[in-house]
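Everything below concerns the one structure shown next.
Chain IDs A, B, C and D follow the sequence of writing; residue 1 opens each chain.
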Amino acid sequence: MAANNNLFSKRDLYLIFTIVILGLFISYNAPEFMQQKNLSNILGNNSVYGIMAIGMTLILVTGNIDISVGAVFAITGIIAANFANYADIAGITTPLPVFAVSMLAGAVLGFINGYLVAKIKLPAIIITLGNMSIMRGLLLLLTGGAWVSSMPGWLTTLARSKYLGLYASTYLWLFTALLIFILLKCTVLGRNILAVGGNPTAAQRIGINLKKVYVFIFSVFGALTGLASTIYIANLGCAQPVAGMGYELTLIAASIIGGASIFGGKASILGTCLGVILLGIIANAMVLAHIPIYWQSLVTGLVIILAILFSYREERI
Amino acid sequence: MVSKNQNNEITLLFILIVLVIIFSTFSEGFFKIGNMLEISAQMVELSLLTLGMSVCIISGGFDLSIGAMVGLSSVCLAILISSGMNMGLTIALVFGLLLFCGLINGILVGYLRINSMLVTLGTSSVYMGIAIVISQGRAISGLTQEFAVFGQHYLGIIPVQTIILIVVAAFSLLILSYSTWGRRIYLIGSNYEVARFAGINCGFNIMLVYVYSAAMAFLASLILTSRLATGRADFGETYILQSVAAAVFGGIGINGGSGNLFGAILGVAVFAIISNGFNMLDFSQYAQQIVIGLILIVFLAYRAQHNQV
Amino acid sequence: MQESREFILEIAQLNKTYSGNRVLNNINFDLKLGEVHALVGENGAGKSTLIKIIAGVEKPDPGAEILFGGCPAINLNPSKSVQMGISVIYQDISLFPNLSVAENICIGGQKGLFIKWKQVFETARSALIKLGAIDIDPHVPLGEISIGQRQMVALARALTHEARVIIMDEPTSSLSANEIKALYSAIQILKNENKSLIYISHKFEEVFEVADRISVLRDGEMIASKAAWEFDEQSLISMMVGREIRFLPMRNDGVAGKKLLEVRGLTKEPLFRNISFSLYENEILGITGLVGAGRSEMAQTLFGLEKADKGRIFMGEKELSIKSAVDAIKSGICYLPEDRRGQGIFLIQSMARNITTAKLESILNRCRLLSRPKEMAVSEYYMDRLNIKPRLPDISADKMSGGNQQKLLFSRWLNARPQILIADEPSSGIDVATKAEIHGLLRELAASGVGVILISSDLPETLAVCDRILVMRNGNIVDQTSSKESSQEELIRKGLMG
Amino acid sequence: SKEDSATTGDAKKAETGEKAPATKGKIAFVTFATGVPYFEIGAAGAKQAGQALGYEVVYKGPAKADSAAEIQIINDLVTQGEVKAIVVACMDSKSIIPALKKAREADIKVVTWDLDCEPEGRDCYAGLMDLVVMGNEWIESMVRSVGDEGEYAIVMATLTNEFMNKRIDNMKKYAAEKYPKLKLVAVESCDADPQKAYQISKDLLTKYPNLKCIATSSTEAFSSAAKAIEDDGKIGQVYVVGGLTPNLAKPAFKSGAAKEAVLWDPGKWAGFGVTIATQLIEGKTFDKVGKVEITGFPKAELFAPGILYYHELLTFTPENVDRYDF
């Protein structure tokens, strides 16, 4: 047993093993699966979920949960898209400012969530649920449901820029994972976050400021959501006020498959990424293995349950 | 001394009354017997599902598969009834099927000790998948007149489904507060490890929780299918988060072991009244969403402040 | 300049009220530099509350005066008190089960952005070595070590941080003689470094060993505060309790009854192996040993919470097959766990619910439903019998003092009517008077035909109460003595040390 | 300048149509989802038409596509008893019937537009054309775009929309009969999630290297598939067809992923529904099959008892797309 086994665990190995077996099984039925193009597509497309799932893991570590992620995703997407269009007119031709604006907007929304959670001392699930309702309502009220389309080319081409065979978005995902991993593993702040998740009372007693920690992680999650939504609008070339519906459950699922606990204190960044990849592979296999649409949900569910049973062994003695 | 829980329910009742007064003053149609009964009928399905969800939360878990179970049961009911099978037999069969679904959830969560969210997310996909496969995405109609009794008929002026809800809710309240099973659920929910050391059969009791939740999903789907005279696979989807919200709003502690089903039902009632009242007032859907969110946060903040003192 | 002052901490006119209930009444308290100041008092007297106020965890009622190093400390909160140099070992061992032992020891003290892992482990190891707790691996997550070991970690934590005032709220409740010795020497080192200590304990030999000054709290009032040599055990007790207590001779000198339980070759590697013993009616069997000897694990295996590798258990003539705690309770075996907060008490549930859990059947009415009147009757019976305070069956258990929680736990298992009661450290955190009551209860139980197994690290307690004593070390039974043997204390000490 | 201010005042009043006094009555315009461009455009058209005819139109719909919530809105409208007519797009043709029947019993005129319900639920269906058959236009559009042979795939929105399923079944049949050399390789569903539609499109392009066309049945699927084709470097090789509003179709035309989009003007269609509703309120009945006179809808006909069509399918192309703004 290594000391910091809450960041790297046997569970991760089981997950990798599960993914490899599943991958072999799929490529037996659909040789296209192993094509380099397909693998990089999986990693590229799922980076949107991957980046947010890492943020969600950070929230889960502290024993909180964020239901409003979909709404934040939609709002930052709309803001980023509008900003990109204005920026284009103003002569800007690099996506960096768009990322910055989107992440900043996300961080602000996350800050509001975090501040309320810290201030009101209520379960985050209910606060973020209320915020989700408010944010979506405001967004629809202001946009009237209209999509923002016709994005500038310098942003949408991002969706096809590849380096060393991987999409740019994959690198952003990797970078996020690394950053948060280092945060949790190597920094004092990161250990404090884990401590808060393990025993909030004790954390408070040794002088950790719970409010600051909550505000910090929710803001980070917001910023990561902004990052993801910018990748999303670059991929799709448009932004919708209804984007991100139901993402919260997908993200939570990925985190928990990866070994996080919704009661806090436990998390694995690698595991979360593997969880996203597992779900992504299953979705990909539905098309590649030509599963009829009416059977897809059933097959997906069965594979998920099998994967859980398989990778959950370590938890039980 | 008024205990915390009672306090909570009194606040909820107070909110209900305030809302009724507000809506009545602004909308003539609101405070009429007809509309009140309509509200009571509208909240039945969500109430039943919230009962199931509340018990799961009290036991320290979640059941995210209720939506899929509603869909599965709805499709099965509609197919069997429309193919001419005897109603009683159909109900028994589909009820049995759902109990079996609940049993699977229960075994995975209770005995194999797998995180309930994960389990029910997975089984949800499976149950929904089965529903889609057997319905092929169709909405199934052709239900008998006889079957309309659960969702469209009245006993006197009271809708049948309201009566079903009252009976089931009363029974559930009794069971949860006064049966050994109910007590053990609270204890397991407040600390699983301590419950194990106190000699409580955690696996079995948790398994029953998911069976109960499935039974509630069945009843909700029975009423829904009968009310809409249609079976559809996606009937239950929107209820999942709503039921969690209603439960927590009604005072069920999200970490397990605390709260009261009566509060949960009151929580649903508040939601139902808000939604009905706003529809009466011709509020735009967006504004409605914003106001619901605000009420949720403001009320809970108020409650949190007062419980601290 | 201020460092030269005599008092590091001065408190005057301190009151504390919980929802109208005054638990601290006009307290005056001070702490000198380099002094060990012991705080004693019955369960629920307000000791923990007082130190929680000093640590900034609880707010005092307005009007209190708290001076730290001569400066008024207003609006104390935990981070302020940590910054001022107050370090607390809480009664409920406030640590992080998801972090490693080393991190638990070092967390909160690190400066800078990044963690220096090497330094963390070295600091932790040296602190543990200082306390003689060499068998605790600093890499292991705290959640995986026993409660006694956690207490050692908490001690190591307090030693590591550069604190000026160290407060220990019952630091030894789960420790055995050796660890306590190590603690004494650590305290001596701290004193030499001119640190000040507040020491709360129910064990008088400890108090007299370490304390320079003793303050006595009774029902929230400060009764006395004098130099330690001015007290003797009797006077201390009568001040705490306000009356005399007589200690009855506890041992059962009559013959033991029928054989109740026989354990043959019970093994669960690597925790314990080849455990064989018998238990007779009317007998209190003591099991003692050092922290981590495997006693708790063995008891939990008997109770069905863990699966044994091999071994057989007989009750009378019948062989038992215990697969779960439910089976064990059905066969009449009950287990009172040592980790009160993690295994014993449902903190968010009411006192009544805590008491009746193990035998809900006893409070059913004719319709097989739970009857509130019966539940109240049962819980009030035990609250009277064990003198549980406050006597409010409906308040939640987390509002009670540690000792009262322990009594609650005791009531639960008494109510289950066991044939065999395994009590794991039942008197940890309990005041002398209550301890005497509990010993009396155990004896009463034994007299009524119940077989009692008492797992205790408190050697004097074991010697005073038990008829027969098993000594465990590293998962083996190394020694057996009976009360009739004269030099048993010697024997046991030898067994313990190996 | 007096005149000026008067006109701006009028314009303001026109904008906030609900507050205009002395309307002839209130009409509810109900959809099964709000915040979707399609229905928002529809709602705007409905309000405009209502105003022109002297009625107040209120727009209602659940925040998220949800048939049960839609039914509840209808029920509440009936209990409220203020509206004279309901113009509704039905998410589900069957489950909504009991609620609509109640409305009709309460003397409220029920007109369906967009998606119809079973006949017993409504007075009239104000339709565009036979929508099931409409899918055939997309097949024709496909043939215009890529010719009449080769592989194609269909990406649909949700699995549980019976009407859409019917349309797709019909499309499949039509294509198989009329263009036997077109080969349908896969049908996928994107759950109305644009991101999923993008992923599925990319996966389809990977799995079927010879794919020539992706036929879509929803807005999300169309624009996401177009972008996926662009990003996969398959411009000129693979085309997307289906229905999309002109503003959203522009990027796809620009990149060359689509040659045309076949749809209608949802605002106009909704206006047609409202117009029919006002006529019903005013006592008009439609019972003679054949052409009917309705201003603004020259091709309107009573197709069958209770079913009206106004026949205005639009084909947007890169050339004409700039002429529209919705």
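The rule is short, and it goes like this: a residue touches a chain if its C-beta (ideal position, glycine included) is under 8 Å from a C-beta of that chain, and two chains touch if they have at least 3 such contacts.
Here the structure is a predicted model, which is why all the values come from computation and not from measurement.
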(message) Counting one step per pair of touching chains, how far is subunit D from subunit C at the shortest?
(response) 2
(message) Tell me which has more C-beta contacts between its two chains, B-C or A-B.
(response) A-B
(request) Averaging each chain's C-alpha atoms to get its centre, pick out the one most distant from subunit B. (result) C
(message) Nearest whole angstrom, what separates the Cα centre of subunit B from the Cα centre of subunit C?
(response) 44
(message) On a C-alpha centroid basis, what's the spacing between subunit A and subunit B, in Å?
(response) 29
(message) With centres defined as the mean C-alpha position, give me the subunit A-subunit D separation in Å.
(response) 33
(request) Mark out which residues of subunit D touch at least two other chains, giving numbers and ranges. (result) 34-35, 63-64, 159
(request) Quick one: which residues in subunit B touch 2 or more of the other chains? (result) 132, 136-137, 284-286, 288-289
(message) Could you pull out the residues of subunit C that touch at least 2 other chains?
(response) none
(message) If we use the touch criterion from the header, which chain pairs count as touching?
(response) A-B, A-C, A-D, B-C, B-D
(message) Which stretch or stretches of subunit B touch subunit D in the complex?
(response) 27, 29, 32, 34-35, 38, 42, 45, 132, 135-139, 141, 152, 224, 227-230, 232-235, 237-238, 275-276, 279-280, 282, 284-286, 288-289
(request) Report the residues of subunit B in contact with subunit C in the complex, numbered from low to high. (result) 1, 3, 174, 177-180, 183-184, 186-187, 190-191, 193-201, 253, 257-258
(request) Under the touch definition given earlier, write down the residues of subunit D that touch subunit A in their complex. (result) 34-37, 39-40, 63-64, 156, 159, 186-189, 193-196, 198-200, 202-204, 206-207, 220, 223-224, 226-227, 230-233, 247-248, 250-251, 254
(request) Quick one: which bits of subunit B touch subunit A in the complex? Just the residue numbers, please. (result) 64, 108, 112-115, 117-119, 121-130, 132-133, 136-137, 241, 244-245, 248-249, 254-255, 284-290, 292-294, 296-297, 300-301, 304, 308
(request) Would you mind writing out the residues of subunit A in touch with subunit B in their complex? (result) 67, 116, 120-123, 125-127, 129-138, 140-141, 249, 252-253, 256-257, 261-263, 294-302, 304-305, 308-309, 312, 315-316
